[in-house]
Amino acid sequence: MTFFIEVLVGGLLAGVMYSLVALGFVLIYKASGVFNFAQGAMVFLAALTFVSLLEMNWNFWLALLVTLVVMVGVGVLTERIVLRPLVNQPPITLFMATIGLTFVLEGLSQMVWGSQPHGLELGIADVPMEWLSQKWNINISKFDLFAAAVSGLLVAALALFFQKTRIGRALRAVADDHQAALAVGISLQHIWAIVWAVAGFVALVAGMMWGVRNGVQYALTFTALKALPVLILGGFESVPGAIIGGLIIGASEKLAEVYLGPYVGGGIESWFAYVIALLFLLVRPQGLFGEKIIDRV
Amino acid sequence: MLYREAGQFRSTYAEDMQIFPIRQDRIALMLLLAVGFVVVPMVATQYWFSALLIPFLIFSLATLGLNILTGYAGQISLGTAAFMAVGAFMAYNAQLRIPGIPILASFAIGGLCAAAVGIVFGLPSLRIKGFYLAVATLACQFLVLWTINRVPWLTNHSASGVIAAQKIEILGYTFDTPASKYLLTLSIVALMALAAKNLMRSETGRAFMAVRDMDVAAEVIGIPMMKTKLLAFAISSFYCGVAGALYAYCYLGTVEPEAFVLDISFRVLFMVIIGGVGSILGSFLGAGFITLVPIFLNLGTTFISDRFDIEISHALVSNMELITFGGLIIFFLIVEPNGLARLWQIAKEKLRLWPFPH
Amino acid sequence: MSAVPQPKTQAYLAINNVEVIYDRVILVLRGVSLEVSEGQIVTLLGANGAGKTTTLKAISNLLRAERGEVTKGQILFQGERIDQLNPSELVRRGICQVMEGRHCFQHLTVEENLLTGAYTQKGADLHAELEKVYNYFPRLKERRRAQAGYTSGGEQQMTAIGRALMARPKMILLDEPSMGLAPQLVEEIFEIVKSLNQKESVSILLAEQNTNIALKYADYGYILENGRVVMDGEGKSLAENEDVKEFYLGFSSGERRSFRGVKSYRRRKRWL
Amino acid sequence: QAKEQFVPANFYWVGPYAPGGSGIAGGMIDYFKMINNKDGGINGVKFTWEKCETEYNNGKGVECYERSKKHPPTGATLIHPLSTGITYSLIEKGTADKIPIVSIGYGRTSAADGRVFPYVFPLITTYWSQATAMIKFIASKEGGTAKLKGKKIVLVYHDSAYGKEPHAVLKKEAERYGFELTLLAVPHPGNEQQSQWLQIRQIKPNWVILWGWGVMNPTAIKAAAKIGFPRDHMIGVWWSGAEEDVIPAGSAAKGYIAAGFNVSGQNFPVIQDIKKYVYAKNEGEMEDKSRIGSIYYNRGVVFGIVTAEAVRKAQEHFGKGKSMTGEQVQWGLEHLNISAAELKKLGATGFMQPLKTSCYDHEGGGQVKFQQWDGTKWKVITDWITADKALVRPMIEEDAAKYAKEKGITPRDCPKGG
Amino acid sequence: MSVALHQHPRAHPVGEVLLSVENVSLSFGGVNALTDVSFDVREHEVRAIIGPNGAGKSSMLNVLNGVYHPQKGTIRLRGKSFHDMVSHEAAAMGIARTFQNIALFKGMTVLDNILTGRNLKMRSNFLQQALWWGPARREELVHRHAVEEVIDFLEIQHVRKTPVGRLPYGLQKRVELARALAAEPKILLLDEPMAGMNLEEKQDMCRFILDVNDHYGTTIVLIEHDMGVVMDISDRVVVLDYGRKIGDGTPEEIRGNQAVIDAYLGVTH
């Protein structure tokens, strides 16, 4: 039983890490209807910049600040160079443009900082909490809890932002119809610059958390892959969906791997999350909290 | 006015319904085929065959397949590489297990098995749309590769899962030189492209496009959604399956799951979008762009650094290439969001009016 | 027929010799000039595809999003060139467009749609504005919580117009406001337009197919055909014009023609 | 004919595999530069090379191969594909083009049977050899092979062809010694291993063998720390045993053990020579000089040494001071004999193992050293441990024979053992 | 404003009840789009549905061809009742329609759009089509002829090869009608076919509708806000308001109906 709980809790906490990455996707999708393929590259760029600055003996907060400035710069430039000329284009075109952006960001980060992996420690050890493991024989890492708290905070803040503010409403309007948004005087430039900057910030947070876990290296770009099933399960447009989706995916895939894996040869984690998400979609095609696809005649 | 249709009258519908109603297009195509089948084999080097032309053709075929699904029927899929893998492995098994089966039949079996898998993974498309569907098709990608890794029968119990493709032999002739493999690939691709073109300009193609553009309306005018979507998945996967078999047999020479990773799925999707969603020609242009541009970029930088004897760190060069490639994608999209095929079409429209601006 | 109007000194909005090309090859407007004086209602008439929508989009600078561009001519608002301003700046300056085909934000509720319209009105009293719109369109109040995507065609049209009003514009570009509205509502909308014009001195440029009603309310009218202005004049004088009567209002020799009788109709004479 | 010997440098400098690719490329090219500068090449024939980015991608690898194979003066001398996938794709092409495919420490294990694979050289040691060496190492730690009985060993492997390589060998070993073997797959890329390591916590194995790649390695080490599994009972394969695999794991990696067929460090004469003849002139490949002497860099130097010695051997046979063709170098590769004395001359004693190949055996030594991470650097903790060739060789021959049958190849005749 | 109704005898006089709607109710969540509506449509007649915005007219059409499934009530076609009919089944039974918000296939040319209307009549399978051979080719030709007839009839020859997205609104509406006609329907449902048209185009459209009704005897159900059109061309009119039927009768009767005037017409036209 304790083992079951351990797997469950471990899965839930792992899921939170997925949510962190998924959140970046959600932000941009919600605000512009763009499926941002470059999210993984942004996570990589942010974490790599941050860790490289740290290794140059910068002060932690200064490094954080400068990285943030870099990410905001990337956001603003993306708006200028990529998105603005592509207003009102079909989603698939914008998607492709973000793929181009991925190449640019990946090339750029490796060009500036090199492709060597780095270690990152934030001072919170990724080891089990002793009293828990002694008393209950359950292993829960302090760092995992920290990561969960951080994502919880982020999600709450962002959800509030989208629901309650003028900008939040404008973001949703832009996602629905670029042209009409322009016509009511929403400045796509501002909106997109804001969103991409916030997404850059989220990428930085995700990059730091994952960087502590796996080291800062190119493979951070792959974290995006883990976020995709979370994304469709929770719904592309939903901030709370990202966290709930993450919890469901995290827990179910761990449980499946541990309890089902041995019977079929293991490694089922590679697809299990997707199959779960797919099954959910068959019931709710827009994900748990996504916006209903409106097609009327 | 190089590209002028004036003076070409079509007096019957049959004429109007020709595959290329405009004479210049017909001539251009003939020339292209002549170059492909005759001139290229005479002049190209092995490098051209095995490093450029064969992969280009095979990717064109896969792109064509995905374009039928995504471009014509409007269903985005990220399972292309999985369908290719099914094609490759089933072709291998057909060759291995059915004695005396002709290689082309094996390719077809590979394609048909891929089509079957495609139908199964097409079922969710009846309910799920857009990017949701795209991500959901990833399930197919991972599940198929996982299965190949897990079921030893599929890899004939090979230790590592990597197997060598069998010899290609048709009517006693062995295709073992790059040139002969190229010709074989070209023939298959040309024929299948022709079939795709025919299909897309007849009822099936129109049904696909109708479902793509507005599925409720399509249903209202009597197009059965289920049949149409599943057929699209089947045909598309068939193309991808054959492409996968060719990829294994004519290009790499090995059949292995790692050759069909997610990356390939994405690359094929890039090709579709860059080339032009819903265009046969675009499939070729897109495949050309994505496979050849990085190589030419690389050849270019190598040439420049050789010529001017600049010692730049290679990591820098590789990264620069990556950035340039990404930049080019963005550039072309901004110039023409609907892909290279549309760019070509606009160019033709301009040519038609030339030398007048409008 | 008539030529380009002589530029007056005090035009509120003036378009001079504008040419628009779509997709770099399709020439749609071939030198359109028109102007709107302050406080005027001006209507733009013309057959399908004449270029009415394109003209309005050229003014509000929404063409780029459709891969169209203004290749010639200039557009002046209050004497300043505005053809390089981005759309949100235009809204801030008081030019607001109601697009053809509604373009509501489907996933937002009707009320949210309206609120978005006030995006540029930072710190304004949104409640009062909302109430004003609901006063104009009581039906919207009933449906305020419905997602716009699920409302009926007419309801969406009301939402779109209401949304534009929320920005407190000085000048509204209306693209076919009557399309798809019940006759009663068409009258109402034009009454609203008129009251906006008179009470709040909003200038109006409106593209309309319903010539009858448009000319009834308009001070001035332009008739567009094939991307050119072919006729213009005071609303009344246009309504009196024999050709206009025949081809746009459906009277033949003073009698309204039945739609059932059109089988034996006369092909319209083309000006160009 | 120009006195040049062309070797393609088809490696990778970008992407997830870049740390390995760029390090190995740097080591090999630096070694060539050193030979050119110090000795004026091999008997006056200087090495040339051209870099081509393969991105660890089969298609790109083939493209690079095709591009480099006809390079003047004699075409590609031999090729290091540095990827198992690319190696497989090149087996037939190389054989047809008569260009040796050299895969040191990766590639197709059964190609060690030179009778079936004349142009393929999985030199020094294969995955299978290594797996047996690992078991030997574990046995030595446990106090003899007899003690293995009833012990639990878990293999945590990258779920791919590469990760599946050792399964068969380990299963045989498990049968032979009576230990309990559990195979745990980690899906690519391996940045999430919670469930695997929770299972390990449940199994409580004595040893964990890590058959990982890239990000999978530090993640595994961290996950081990998280469940409190002792790192000094984790043994990594040689692609899990570079600085790049442990540094990202930080302090968690302390005590972790990995296999290797070369060692790290700068204190070998050969590395000093590279510094003296190459870096002193500012001609070095590595921008980050601290990477000189790292595991990957030194592995690249091993690649360089083997290449150079094969060319030297070929020249001895076909004419000194001439550029060798691929076919001639194939002979050289089959007659390599880098003895201890030879190693000393090369300044590589203890740096790599002696190597002797034959037409029959394309692997050579098959020895492995084990090293432990002390938090800042790798420390060698064993001498060369020889693989259990008696176990591995028959498996190799069986697999090669199957391949020969499938392909309709008649194996060459080779004098046994010579 | 008197208008002579039937100027010449119709080729297909109005006949038996073809389609009847009985006590249909439809709601979406809290919104009652239709409440207990009943009416019938006779063979060969032109039947108009009018009512204020949001009255439920479009929803009624959607019920008629199976896009929406009413919670209560039945639809009878030639006396046979249907429950939960799927829209492509409706199409197979000869019901074609146009949409309020144009639902053309934007990526296709006019010709292709209209050809899709004939998909139910196509028999060749996709393998034959892939080869463009034998039956497939012959069939394409036959249908092309049929479609060209519709094109001629609706006078859209000049835009045949234009992608529909580029056409002005009015022409798009006409293409949509053409697509519906290509199916040779028994019943044609038109949802505001004349919205956004100027007078001349409306006249054209009326002419087409009447001709279809006349030549082919097609039964027509029409939603329209232009009272002139409705009064002139329809045989009978149903009036909906807030989802309920508030009037049903000939145009004259409707014109005089006070409830209708209050709810819909406002000032008389």
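Which chain is which? They are A, B, C, D and E, in the order written, and residues in each are numbered from 1.
One rule holds in what follows: a contact is a pair of C-beta atoms (placed from the backbone, for glycine too) under 8 Å apart; a residue touches a chain by one contact, two chains touch by 3 or more.
All values reported here derive from a predicted model rather than from experimental measurement.
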item: Chain D and chain B - chains in contact with each; value: A
item: Chain whose Cα centroid lies at the greatest distance from that of chain A; value: E
item: Pair sharing more residue contacts (C-beta pairs) when A-D is set against A-C; value: A-D
item: Cα-centroid distance, chain C relative to chain E, in whole angstrom; value: 29
item: Centre-to-centre distance between chain E and chain A (centres being mean Cα positions), rounded to whole Å; value: 48
item: Chain D-chain E separation of Cα centroids, rounded to whole Å; value: 74
item: Distance from chain B to chain A - Cα centre to Cα centre, in angstrom; value: 32
item: Contacts with two or more other chains, residues of chain C listed in rising order; value: 150
item: Per-residue multi-chain contacts in chain B, two or more chains; value: 142, 146, 149, 214, 216-217, 220, 315, 319, 321-322, 337
item: Multi-partner residues of chain E (each touching 2 or more other chains); value: 67, 99-101, 103
item: Chain D - residues contacting chain A, complex; value: 13-16, 18-19, 22, 159, 183-189, 191-192, 194-196, 198-199, 201-202, 214-215, 218-219, 222, 225-228, 244, 247-252, 287-288, 291
item: Contacting residues of chain B [partner chain E, same complex]; value: 13-14, 16-17, 19, 195-196, 198-199, 202-207, 209-210, 212-214, 216-225, 231, 235, 278
item: Chain B contact footprint on chain D (complex, rising order); value: 12-14, 18, 22, 25, 50-53, 57-59, 62-63, 65-67, 69-70, 84-85, 88-89, 91-93, 96, 108-110, 159-162, 164-165, 167-168, 187-188, 287, 399, 403, 406-408
item: Complex contact set, residues of chain E against chain B; value: 65, 67, 86-88, 90-92, 96-97, 99, 103-108, 112, 115-117, 119-120, 122, 124, 126, 129-132, 136, 139-141, 144-145, 148, 179-180, 183
item: Residue ranges of chain A touching chain B (in the complex, touch as defined); value: 35, 81-82, 85-86, 89-93, 95-97, 99-108, 110-111, 114-115, 225, 228-229, 231-232, 236, 264-265, 267-268, 270-271, 274-275, 277-278, 281-282, 285-287, 290, 293, 295-297
